[in-house]
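Each of the next two complexes has chain A plus one other chain: chain B in the first, chain C in the second.
Presenting the complex of A and B:
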């Protein structure tokens, strides 16, 4: 049966537009704005310029040009922004999307082909959006004998756990992290411990043979690689004496820990590949053996969610590697430049110090909440960098290092074949655990010899 | 162990009752499984170990042999190459040789050399395709893309010769269908040299890869005695240490005038079985270069046949070394333009016989490595 498009009539077209506009306006004015007002009324709103933002003022300020920058500034420093956008989910999802694009193009270059090319006109950069649309528009099919609640829950739990992992990652100096815990590393181990449970849950609830085998394989793999993963990071904990990830980064301001513990870094990298189920450790999804492993019965956006979760996990692991071994955001400050003229004419920024010369805290960073005194101290030569400069170049360093680590995570996919389950367990239980103990003894030796640690030479 | 199910009524023929064991899981690998091809392997696993494997071919049976009985010797050509379109020259070779015997015609010298070149090119094309699938079966996606891309070189060459990319229908009784293009020797030499340079790079990324070696060495070992007893041919036989190549043992056309070496490995494991075809490709490049050198520069490429040739009342069996092993063709003629009976004896089916013996006791992760190392083409086995 073919569907013939009705003949185009301008009158009907305009009537449709007017009808739509009429109903949208009616619904927004009668229901939308009051609803937002009611919500805002119960929210705890920030103080901007010494004046409390209330639900009544919200719409007034929204259309007031002088209040836009303070509003955005208040938004940036809200918890919502941290969770949704910058150090949290949005930032991670952006890097994950970039990772997928780079993976496709890099692998294509390695394999002498082109990769995504047409979607988005320029080198297929919109291919991911197209794939996402396809996954959303596909029907979700659930096996007849599946345990439906668990089967539904598994992808959501997977993304949720991956996002919880992302929330523990500090990205920039000055507490740019969603959850700044004193036991950050311990929390990371706890979150990683959830993945095998979710995997076996989804595999078992599908009530199908190939997912079940894949889930069992994933369980073997993750459980046996979690031990060397935890042990390989303990060396750094011994040297720094803290479990807080931000403090671990701050301890590497002069040199990264990979210089002293390359063995731990290698062990952690290998276990990372296994935890991420990437080639050569992609046994739980081994296509030619067990179809798609524990993902076999997922369809449509359920599969998309699992993929999203696994790429978030990839980012989080790469970031953890950077934080623990490569020094996180530490690195020379190169942007914004130190010697720049003050932008006195530009975006008018009301500041709370009341000093007109300090309307711009640091050039080029109008939206960041900075201490104006820092800039004065820097001009006087008492402070080397302002916190804004540290923040911006710290984020750039962090992203650069993370992207580098992600590149090395992606590379084995083009080089290695898949390994076998018994080889995997042998590597995990015999070699990696032994090596991680060697790493711990190196760390202990360094501490007792007085090289690093409390009272050390370095 | 659960108790055996005893059927109360008389079972219809073909149905079987088997013991149900709680420890044993039965997996249907195929025909819609990414690691099976157009066939099914019923695998029974105990944990990670395969206790029983039952290959179940026949999903792509086309009745080529029956079709051949109602078509004459010339119109049989295009459909007899269908079982292995990637190796279409070699699967057609024994049929053409047999028909030439029956009809009693001589093949011009130049046509024999052209046939050898086309057959060797086609062998490389087939092996590249097979190798690509072997790579992706082991999770090595680069090894899927590289052979599939390099294969295009030779496909272009075959297109220049025959006019078709894959299904050539190039060999006919009495010679070949048409002559090679004018500057063929130069182009062919250049492309084959480049192709050889490329496939030598596969050693770096695939055959010398430590993970691949650790994974496929000592898996699915087929001893020399078993290889002979089970009747395997081609690369499987040669990987088990039997020096058996029909190009040398029973030379056909001009293979006796060329310096053909055969590759034999002793270990008989999946690694050796996957390496032999690659070595064969390097050998094929040598053969093509020799044939290009010795080929008469001009001359007829075909002896003219009568419009509807009748074979004499006889039966012939000819066989050649195809990309997978010996490919034979048995034709019984009753003096008619059509063969009375035509039987294709293909190596894929003979190699498949070894599969249950090799898979028993292996780990499930080794299944694709062992299965595809048998140099098996499901469509050819079904015919």
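Presenting the complex of A and C:
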């Protein structure tokens, strides 16, 4: 017992702290500072107010209130921020983490259970952090006869492919997307095509029968549902005449496409459930038949990575549904414009007697406008909304719609049983492909009847 | 930058093509084949035609490579291949490849490819689509009919009477 939990002694405690501090300082001095300097040498630094931002200037400006806003602005509009934080990985991972928690809690409420309850006092809010810590601290076990390079590579590739999918999703107007491709929708199809390969390779490399059965099922399912998935989106491409996802969203400024093609939306939603391996199409991970399907042999953080990848994929599919059928970020702009006095002379704040004691001014604002002149134009009445206003309300609309779609993706898990493989293939090959062709013919009819498209009524 | 990228993609494509032929493990061979096809997609991107590149990825890497992997995993290797270690064959194959490459290269170099100006605008994929649906539509319809006919023929040939009777 004393081995597991030795008696607390202040001397040992202090020695531990000093040891850690010594080693951290040593490593930072010997490795960290040279590494930072080497990275700074290759980094392209932004120019703010006609001055090149060096590391020294950045540290100085961090504590200068008038320069903080331009500094943050330069950071927000850098490519690194796009890839790591906002429309890219960080944003998607945040939504994915929220999805995992909401899924557990919501399914529990649906099935009259309690769900995560004890972790974090309030409705188990810290359960996710606890699970993450558990996954990180668990041992990674690799089967003795597994094909090791492939087995190691599969989870990383899965997360990487899901992140590539996320990178194609535009989140807000004004080019808030990591990769704004002219052939964005085709790139989405190309990225979706990588998931079955990774699944089958990881299933084969585990060298165990349950993963292999699950992998073969996943392959059947994904390959056969990819065809209706692609066909169901072609109707929107015919109507808009573009493959760029941002342009598809902008074409829906007056009405979303789900009004004209509900059949396509239903087909896409069903194929989405199948591609995501969610109930009722979760045969590849059927836990009551084949342990955990193609995830059986993964342990520790490898399993965590695959789960992270699959939830990133869920977010990306829901966002794709929002972009193509629900109008993306379009919606009424409700974010108020900035007060003039706030930027020019500041707003005086009075005390109880009405005498102004304090003036609040933010000379560097507006923060989110790419072009600061937009704000001036808006004050003169030439511009209705600045890009900062559009960005904030657009992101809020986009997140609201995406969360709604994610809710409808999660909902069947609490309600439906799993369907048989032959029923699944029958649905995919007979019904969904036929329905998606019906959708394409509706789109063609709308174009040729002159309702939508070049020279149309709407 | 473009030269370095071109060299990197060339090394990837040719190296993984050689690996696809030389690997003992069929699964790794098909992964190397995927690398080759992906490298070809990279060439298309460098040639300013992302449309073709995305179709290359979606069709060849996403579908055909999956089919190859699927077949390789379901078939026992010993049944389809016998190991033949014959250096003569290897050298004959390499020689044949060199002859073919030289002949093709001579034909391509002779075809006036050097006179093409490289700074012209890339062809928009909308124009390609328009051409397909206006000028080339009989060829498209013909190809679709041939493909449909061959798929139906394959289904008829692959249909086995006994299994259907057993199911009932």
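Here is the rule we go by: the second predicted complex is superposed on the first by the 379 of 458 C-alpha atoms of A that agree within 3 Å, B and C clash if a C-alpha of one lies under 4 Å from a C-alpha of the other, contacts with A are read in each partner's own complex, and residues count from 1 in each chain.
Keep in mind that, in the parts below, contacts are C-beta pairs under 8 Å (C-beta built on N, C-alpha and C of every residue); 3 or more make two chains touch, one makes a residue touch a chain.
None of the values given here were measured: they were computed from a predicted structure.
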As a test of reading the superposition: which chain, chain B or chain C, is in touch with more residues of chain A?
B
Touched partner set for A:314, first chain B, second chain C, both or neither:
neither
By the touch definition at the top of the document, which applies to A:95: first (chain B), second (chain C), both, or neither?
neither
Which of the two partners, first being chain B and second being chain C, lies in contact with A:135: first, second, both, or neither?
neither
Check the residue A:113 against both partner chains and state whether it touches chain B (first), chain C (second), both, or neither.
first
Using the superposition described at the top, list the residues of chain A that contact chain B and also contact chain C.
none
Touch list for chain C against partner chain A, complex
27, 31, 34, 50-51, 54-55, 57-58, 61-63, 65-66, 69-70, 73, 125-126
Could you please specify the touching residues of chain B with respect to chain A in the complex?
25, 27, 33-35, 48, 135-146, 149, 205-206, 209, 211-212, 214-215, 363-368
Interface residues, chain A side, partner chain B - complex:
107, 110-113, 209-210, 213, 279-280, 282-283, 286-291, 413-423
Interface residues, chain A side, partner chain C - complex:
147, 150, 181-183, 186-187, 189-190, 192-194, 196-197, 200-201, 204, 219, 223, 226, 241
